[in-house]
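In structure tokens below, several structures.
In what follows, subunit A forms one complex with subunit B and a second complex with subunit C.
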Partner chain A sequence: MEWIILGVLGFWLVASALGAVFVRNPVHSILFFLSSVIAISALFLSLGAELLAGLQLIIYAVAIVVFYVLVITTIPWEKVKRFEGIYKRELALSLPVLLVSLLAMGYMVYKGGLAEPVNLVKDNVRDLGKTLFTSYLFPFEVASVILLVAMIGAILLGRKEE
Partner chain B sequence: MPIEKAYIILSIALFLIGLLGVIIRKNLITVLVSTEIMLNGVNLSLVAVDSWLGKVDGQVFSLFVITVAAAEVAVGLGLVVAIFRLKGYEGSSELTHLRD
Partner chain C sequence: MAEFGIALIATLVKVGVLVGVVLGVSAYLTWFERKLAGHIQARLGPNVVGPFGLLQPLADAIKLATKESIVPKGADVPVFYLAIAMALVPSLLLFSVIPFGPEFTLFGKEVKPLISDVNIGILIVFAMGSLAVYGTIFSGWASNSKYAFIGSLRKASVIIAYEVVLGFAVLGVILLAGTMSTVGIVEAQAKSGIWYILYQPVAFVLFLFCMLAESGRVPFDIQEAEAELVTGYNVEYGGMKFGAFPLAEWYLNVIALSAIAVILFFGGWSGPGIFGALSPYVWFLVKTFSLVFFVIWLHWTLPRFQAKDITEIAWKIMLPLALANLIITAVAVYFLGG
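Up next, the complex of A and B:
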């Protein structure tokens, strides 16, 4: 049963990611990206990470995708038309390299061993919160500073020059 | 083969698809979308290994990756809009001022 879920969701995920990379129109590319975000959230649910599935939907599917669409609406559309699509020569050069590296890394993962399981998590959200606010308290505060700096930077970059 | 290995292979494939998008796309906004796909692949592998080990540290890291992704989108899209306002184009092949 797990393998069927993984097969369906994995096919959906890879198909929508390939669509996001190869489709011409930027808005269609962002819609394909939204589809892949929903597939990843379903994969998180099937892996037992409920909190991250919810956060993935809230942050990616709502905040980031809406932000991309808003930025695209502010850019004049006829000037974007010149830069649609993909570079053909770079595609022909990079696709074999990436395929070979995918095969090599997949073979290594398939043949290699995994570490031994330590313990089983009963309540995902409770354990995650406890770990986040005890062992990882300092990185959590640093992440809040990163968000503040990014907000100030975005305001400074988006301001009109006078 | 445990199912987590299949998840890890899937996440490697997702990361390489995103890398392909960063290499071949012409539009700067879709280059940023491909970067998001790469970050999602990293998140997927972290959560898969976490589910195998039965711990929550990978999910905490995945939370930080989502935070950095949000910050990166804010600053990156601000840069794209600033480039477009200054120069009037946004193709990745015409941004060669540092090279020339």
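Up next, the complex of A and C:
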């Protein structure tokens, strides 16, 4: 019976991703994006990755998207010059890349079969924390330093010169 | 197949019962709040409709439901309606991880009186608490009105600031209990026999402030600020569409977050078994509604903060306090054992 839930969530995800790309109004587009982020989190939850689902909601759906929303909603879009139409040249250029990646994905699905969980963990919060702070300590710390640099950069850019 | 069907039906029944009870209780909480506010301000409160004004919530509901529906000019109509759902749904979903009592056996099956026992229950609470910000932002934006938009931006800044403090304040309890599951936290307290408010008084005070801020109660109600913004982000809504916002924010959120506070700091359903088989539920409801009463009492007693002070208090005072509390707790748990 799980495939019904998976199908519904997958359809929701694809539909909202398409909506985010094709909708004209930037606020509607960010709403579709938010919907797709929530769909991903629901997929994680249905697959048993509960911690990932929670983090997806807290970090992506709230912390990151809310700043996009704050910026987009405060811009008066009526005054911004908009391009109405289809980007023909860009579409032609991206078509080969799209085709190749679709073929590659199709080949992988055809050959690989669906993923099966190997060692089911009971408490994935504890396990994830242990793995992050032992096996992957160095990449984890490097990532946090990169984020810190980005934060300092953003403060420098946003600060008014006296 | 059969097991899946039974689980599905059981969950649907639980969801139906919970939504019905919670919405009914919040409707009557409006009556209780108006009565209490009346007595605090030396008035009588509602007393015309029915005995002691008990039918007032029904009269209000009929009034709100039959009002003319007005959509302001220049509003973004789909988002205008969607914002109502975005405000209500997270507040209702908060209840999905609240355990009302211990497991019991019904028709030979183990039944848990909560909707989903995920091992990240507390994370779901954070996530839903902050997802409520979208209802506020989009209702303000879609109304195409200055007052509504200023209110929603204020609320957004408050939620972003206090969500961080809330997370760090609750981490201390998670360290002590060793789990993020709401059931696990209550069981850890019941086993040791000590409520976590004794170990984490600072965290409880911070949680209380965050609870007030997230549910837009005084002294953190700058997004409403009747004197400056009329009522802030929901000013352009009318009828039941208007009613949905205070219902979600002032009542559903307050009940849910009070229940979470009881689970985290007051031992959930644990208490002396003086009411027989029902005593866990009675204790849980008594504790939760004492906190709800406290919040409403504060609402009608305190003045409001200035808009700029609220985020400053969160970032400059509460966040360092929460971090210090977390570090001290972590060191204590490491050396003394959880």
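In this section, the second predicted complex is superposed on the first by the 126 of 162 C-alpha atoms of A that agree within 3 Å, B and C clash if a C-alpha of one lies under 4 Å from a C-alpha of the other, contacts with A are read in each partner's own complex, and residues count from 1 in each chain.
Rule of thumb we're sticking to: a residue touches a chain if its C-beta (ideal position, glycine included) is under 8 Å from a C-beta of that chain, and two chains touch if they have at least 3 such contacts.
None of the values given here were measured: they were computed from a predicted structure.
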Quiz item: On subunit A, do subunit B and subunit C fit together or clash when superposed?
Solution: fit
Exercise. Kindly classify A:Leu31 by the partners it touches after superposition: subunit B alone (first), subunit C alone (second), both, or neither?
Key: second
Practice problem: Go through the superposed model and pick first if A:Glu50 touches only subunit B, second if only subunit C, both, or neither. | Solution: second
Quiz prompt | Dominant contact partner of subunit A by residue count, subunit C or subunit B | solution = B
Practice problem: Report for A:Tyr87: first if it touches subunit B alone, second if subunit C alone, otherwise both or neither. | Solution: first
Quiz item: Between subunit B (first) and subunit C (second), which, if any, makes contact with A:Tyr68: first, second, both or neither?
Solution: first
Quiz item: Once both structures are aligned on chain A, how many angstrom separate the closest C-alpha atoms of subunit B and subunit C?
Solution: 15
Quiz item: What is the shared patch of subunit A, the residues that subunit B and subunit C both contact?
Solution: 51, 55, 63, 74, 124
Quiz item: Which subunit A residues qualify as touching subunit B in the complex?
Solution: 2-3, 6, 10, 13-14, 17-18, 20-21, 26, 29-30, 33, 36-37, 40, 43-44, 47-49, 51-52, 55-56, 59-60, 63-64, 67-68, 71-72, 74-75, 79-80, 82-87, 90-91, 94-95, 98, 101-102, 105-106, 109-110, 114-115, 117-121, 124, 127-128, 131-132, 135-136, 139, 143, 146-147, 149-151, 153-154, 157-158
Quiz prompt | subunit A residues within the subunit C interface of the complex | solution = 1, 25, 27-28, 31, 34, 45, 50-51, 53-55, 57-58, 61-63, 66, 69-70, 73-74, 123-125
Quiz item: What residues of subunit B sit close enough to touch subunit A in their complex?
Solution: 1-10, 12-14, 16-21, 23-30, 32-34, 36-37, 40, 43-44, 47-57, 59-60, 62-64, 66-75, 77-82, 84, 88-93
Self-check item: Residue ranges of subunit C in contact with subunit A within the complex
Solution: 1, 4, 76, 78-79, 82, 118-120, 123-124, 126-127, 130-131, 133-134, 137-138, 141, 149, 153, 156, 160, 163, 179-180
